[in-house]
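Each of the two complexes below includes subunit A, the first together with subunit B, the second together with subunit C.
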Partner chain A sequence: MATDTDPDGGIFGDESETERDRTGNPVVNWMENLSEAAYAYLLLLPAAALLSLIAFYPLIMTFVMSLQEDRTRGLEPLGGFVGVENYVNILTGNARLARQFMDVTLSGSFPFIEFGVPILQQALFVTLGFAVISVFFETVIGFGQAYVLDQDFRGRRWVRVAIILPWAVPIVIQGMIFFLLFQPEVGFGSDFMQWLGVFGADPLADSQDSFIIVLVADIWKSAAFMALLILAGLQSVDRSLYDVARVAGASPLQRFKMITLPLVLPALLVAMLFRTMDAMRVYGLIESTAGCTTVPSLTCLVVEAMFGGTRIYGTAAAVAFMTALVIGLIISVYVFFFRDTQGGLT
Partner chain B sequence: MLVIKGLERALFFGMGQYTTDRTVGLSRRQYLTATSVAAGVAVTGCLGGARGEETIVMTGDTDFEEAMRGDDGPAIQEALWEAGLDDDIRVEVQASVDDTDQRMQAYQSTLQAGRSPPDIFMMDSGWTLPFILREQTTSMTELLPDDVLERVEGEYLDASLETARHPETEELHAVPLFPDFGLMQYRRDYVEDAGYDTSGWDAEPPSWEEFAEAAADARDEAGVDFGYTTQAASYEGLACCTFNEVMTTWGGAYFGGTGALFEAGEREVTVESESVLDAIRMMRAFIHGEDDEHALDGFPQIAPTTVVQWTEEESLGPFAAGNAVMHRNWPFSVMDLGAEEEFGEDLGVMPMPYAVSEDDAEFEGTGGSAHALGGWHLVLNPNTERTEMAVEVIEAFTHEDVMLTIFEALGYIPPEVELLDDVDEDEVGPLARYSDQIQQAADNAIPRPVTDIWPEQSSVMAQEIHAAYRGAKSPEQAMGDLASRLDRSEADVEEQDGD
Partner chain C sequence: MTDDSTPTDRDAQTADVPAHWNHTRRMTDGGQPAEQGRDGVLIGNQADEEAVLDRGPFERWASKAIKNPERAYKSMFYTATIFFLLTTLFPFYWLLMVALTPEGRQQDIILTPNGFNPGAFIEVFEVLPFHWYMFNSFVIATASTIIVLVIGSLAGYAFGRLNFRGKLPLMLLVLVISFFPPAAFFIPLNDLFNTSFFALEPITGDGTLYNTPGAMVLPLSAIFMPLAIFILTTFYAQIPDGLEDAARVEGTTRLGALFRVIIPLSAPGVATAGVLTFIAVYNEFFFSFLMTDGQPENWAPLLEGILGYQGQYEVLYHLMAASSIIGVIPVAILVIVAQEKIVSGLTAGALKE
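Moving on, here comes the complex of A and B:
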């Protein structure tokens, strides 16, 4: 047994050598020994890095650009560093744009603020107003539709198709429908609404009338989306809960408040979050109906500044960054206030 | 194949890991190898792609693409070869959207990214200058042979050339392909039936006052809905063209006459002058009638209020349907409606009516008939690797026969407008019947004041003029607001130059 020296070390030494042989290099070796969870994270890492690069690199570059001066001629697209000047111009209504981000001045008397131009010609308020009103009506109508679809009745399938149909219409076609509806030569919309006394003679040239048109067009289409998501929530509610409630003598209103609403709320919030994000970004619908000059949204402003023809990249970047900021703030309201909702957003 | 095999093995061993511990390591390695190889293959697969070595790519619309091939009519490609273009060089049209704004946006990205093809851009004369001032074009003065340059400088319509020149060096950075003019079209039969003599209108237009009376009377007599249709939506066309025309015929100007059209910075803003206000007041009368407190006296209501929603297509609709007496549009509608099966000889074209003669105009170069200048230029992409061939193509486009072929195929007016003298209606269609009026329009063409900040200024102009037309603002208030905004943008440019 002369060769059998140092039995402990020998055996372990041989084993670790075979291990090295098998894997070839220490990195792989390390990878092989990771736990299942750690390995999963490792695999997710490249995708996460790529996604954050895609998400944050443009945002940071946009911010850097937004601190530089506009340069409308010469080869260099941007001028020198001007600090927050572009932001000041945007917030005071002095941006080099046909429609302003916001144009509000403080005043000494009630209501203490004054609008430089009508409120529906300021992109921030148009967008916020559009988002709040459209999401409100879409939620209410969507809930109603989902409630109907959740019942058992003859012809339910047809009703379901009818409700979902608007969602299948492409956005530009939808825009054209409403555009033509309010072209006096073509559609009956103008005459009818004028007869009701709601609209003026040329609704598509008037900011207020056009705002309503865009709003209705969006609600008409997107209520169906809300209905679908809410319906999914409704159908997951355990029916026996209603039986129990009925036996306990709960009124329909109580059943809705105590059972339906709490159980549907997580799905409802997700649906509302999606819709709010969409509404804050509204552009295509406006462009294909009334046009961005008549109803300026935040995205309209970004597109106009970036692609309007005059090279004002500094201003464009500042508008884009402000838009991202506003949308981010609105979304964080949801995330913050409803963070405790079970199965909700966080 | 290797990738697929790798993936198969990865999957196989991946499933295996739940059964035996020994395969875990293998599965992870195989999986990583397979995915990275797949990603590599995917990326390299996306690269590459080639085009013919003697193909010159130019942008255009679908009509131009068809005409280049000669799908139904004379082929522009053939004409180019006959004009001396090397037989091996083929021109391929990369057809894009019809909409001029969207095309501008596309070119902006292409040029900013330094890409080619296309080797030649077709650019709107309304926004070629911003590209020139951003140094994204090449001087054609250096590239074109002397005789060609001489021909272009000598024969081409001056107003078109002005929008193709670098305003500081005076060098040509684009070669006009065709000019376009706003034309006043009317139903001769309706107007004659109402008792008006139109025989002199081909050469000398009526005054705006007579025009409006005739439109109103003919409308009532013929029992049609509209006296006059035009474009007054809040868009580029209002600022560059329809209002620019009306304003000029009243002797008004945005920036004090035609001397200061192309250099932004120190121009005097003159939109508050009485001549500009009168132009708006007349349009207010046309749209809202004499009851409007801001309407000009003595002008009847002839246009529907809906004109404030109309661009070219929408305003053409009622006229094409025989439901309007007078109509302002571009030559394409004359080409369509002048055909025998449409209105034929009943379609009249007159020089633009005017209110103030050139001698009495407040600003230099204004007054008298005025026709907004549109049209498209050929611009060499400075990033092209085929400069020589591309220049050869552009050169071929300057030949008269090519111009006439394009006129015949598409109705694009030759940049050498005199060529229209010799065209025959039977050969080239109804536009030839109106060649005198078109030439007169060319003489009175009024370009928009295009500079690097024109797109920015034009949207503000359109917005304020639109507000005044609609009655949302009084003419004085709208032009006052416009003046302060234009002053500000002029100052912005001057500041920028100063640093």
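Moving on, here comes the complex of A and C:
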């Protein structure tokens, strides 16, 4: 046996033997006698079972379904094996979807690519654009918020509550707030933006205006998340470094560039990675503000294909798996470019 | 400081000042060597004289700021703080104003409501059974939190305190799950939950999980479990071995040591994981939206209630706003009570990676 009391086994061997009998429960006895590794696997079993049922099995099934033909009639939801046909249809913009995954053709003249439909009606570019722009602004604003929270001042506790609060708001309520703000009948947001000349007549039906609304809503909520993670990084910086820099005559900007930024960078990158993954999955916010037809994200396409009434399950599965692939690709890019920084973190 | 500026006097002055004076002087002009520091003194004198000329308050403020940059940083800091507070809190304030405005007069609300109708907060419960939706959300979030904490504790104990082969790959595998989009799991799960299982018939009636809390609790537990596992692993790994060994020698079983020693000693970590899971499940959209038909008796959560005020014939804007405020209150209380735990939990969960 290799329990934790193993070294004492020789001395207490008899005692633990009787103790084991005293439990009188064969399951407990069996568990006590497992090796450490076997016990570890046993403890991981429930988590593994749940994750297999909810994550791994569906992921494999999604892949299998994505290789099958859409069958719009009859009892069977899916037809025969068609290989990568669904993927080809998706990537060439020929899928039977209201909004395409991507619809791009190469052309001979500058800029060498042509968009079949406006770029903000192609799910891949909408989602990528949303992720890049929102994460950029969230990082900048989150850094500002974290910098404020890092100072010592009276009432810091309450300022922190106020800044965390948007992060804790349910997505549907976040969507509702910005829907109301920009709904011409209620909110002043659209009037204001029209006065600035940015928005058209009906912002919640216009792809570009709605894209901006969704962006603003996401930045409002998620900058707080960034701020918290960056704050953790800021607070781990040794304060005496700043004193040294001050004595050496470094300006605040120099102090930021040479001390704060390099030391916070690992935390910053992790926070950005988390936010990028999250932004790539955007769905609820769009559904509760502008709607999936106006701002089609990748997850939107999957849901539309499933419930749009056209029964194109093969295509839906292919889009879902492509979404996973795109996200996986972004993770690898992050890990590849920043592996040294991340290694320095742990 | 001296007003007459004969070279000898100034030199004497520089020599006389105590060390900390030099220190502050250097700071204000960006750490110039002492030779130029004297010029700094001159500039300071000029600024003083200009201030005496009594120009507008802004110039006076600016000249003071030039002399003493710390002051400028301080005002910048307060400006930034107020800006952040306004941008984060204004939407809530505005939502309250919309909720308080009587129906049909929601035009042009910015700072004050058009009329005063607190009755909207009662009407919310009359038009739809909003309390029922909230109850469903609470049940789903609580059940998911319990499942995540129990299963996550077992896994966290294994990862944090036991040595076994394949530990790192398994942890990475768990991490990868939290990266995948729910859409990639959704289609087969939707099929699975709409399949009738004989064993479930006594519980759910028709034997499917669709329209039951299970259809949300299972996927949501799985999706938010990785974060909880990482938080719990961190906390469990910090408990000294001696405490566990002592309990074992006293005759506790292995599982007993986990539940009677490790978990109570890591109570702050367990609370952190619990709070974060509860908030995450309560806030979730994707599965909550798609795994029920939207009827409160079929366990539709909060979000169906809020979207429900967008009726077929009329859109009840003031009720949408009022229900949103009511829906935020539980998480707002959690944030106020448990802000330290949220901060430490997010940090531990994210930086563990």
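Keep in mind that, in the parts below, the second predicted complex is superposed on the first by the 284 of 346 C-alpha atoms of A that agree within 3 Å, B and C clash if a C-alpha of one lies under 4 Å from a C-alpha of the other, contacts with A are read in each partner's own complex, and residues count from 1 in each chain.
The criterion applied here is as follows: a residue touches a chain if its C-beta (ideal position, glycine included) is under 8 Å from a C-beta of that chain, and two chains touch if they have at least 3 such contacts.
This is a predicted model, so every value here is computed, not measured.
Contact with both subunit B and subunit C is seen for A:28 once the two complexes are overlaid on the shared chain. By the touch criterion stated above, A:216 is placed in contact with neither subunit B nor subunit C. Applying the stated contact rule after C-alpha superposition, one finds that A:132 touches neither subunit B nor subunit C.
Touched residues of subunit A, counted separately for subunit B and subunit C, are more numerous for C.
By the touch criterion defined above, A:244 lies against neither subunit B nor subunit C after alignment on the C-alpha atoms of chain A.
With both structures placed on the common chain, the touch criterion links A:333 to neither subunit B nor subunit C. In the superposition on chain A, A:88 makes contact with neither subunit B nor subunit C. When the two structures are aligned on the shared chain, A:177 is found in touch with subunit C, with no touch to subunit B. Once the two complexes are laid over each other on the shared chain, residue contacts for A:55 go to subunit C alone; subunit B is not touched. In the superposed pair of complexes, A:151 makes contact with subunit C only, with no contact to subunit B. Overlaid on A, the two complexes show subunit B and subunit C touching the same residues of subunit A, namely 23, 28, 31-32, 39, 183, 185, 307. In the complex of the two chains, the subunit C residues touching subunit A come out as 23, 26-27, 30-32, 69, 73, 77, 80-81, 84-85, 87-89, 91-92, 94-95, 98, 106-110, 147, 150-152, 154-155, 157-158, 162-165, 167, 170, 174, 177-192, 218-219, 221-223, 225, 229, 241, 244-245, 248-249, 251, 253-255, 279, 282-286, 289-290, 302-303, 306-307, 317, 320-321, 324, 327-328, 331-332, 334-336, 339, 342-343, 346-347, 350-351, 353. Within the complex formed with subunit A, the subunit B residues making contact are 24-25, 28-29, 101, 104-105, 108, 112, 127, 130, 133-136, 233-235, 304-306, 308-309, 314, 317-318, 452-456, 459-460, 462-463, 466, 470, 472, 488-489, 492-493, 496, 499. Within the complex formed with subunit B, the subunit A residues making contact are 22-23, 28, 31-32, 39, 69-75, 77, 79-80, 94, 96-99, 183-185, 201-202, 204-206, 291, 293-294, 304, 307-312. Chain contact summary for the complex, subunit A toward subunit C: residues 3-5, 8, 12, 19, 23, 28, 31-32, 36-37, 39-41, 43-44, 46-47, 50-51, 53-55, 57-59, 61-62, 65, 144-145, 147-148, 151, 153, 157, 159-166, 168-173, 176-178, 180-181, 183, 185-186, 188, 220, 224-225, 228-229, 231-232, 246-252, 267, 270-271, 274, 277, 280-281, 283-285, 287-288, 298-299, 302-303, 306-307, 313, 316-317, 319-321, 323-324, 327-328, 331, 342, 345.
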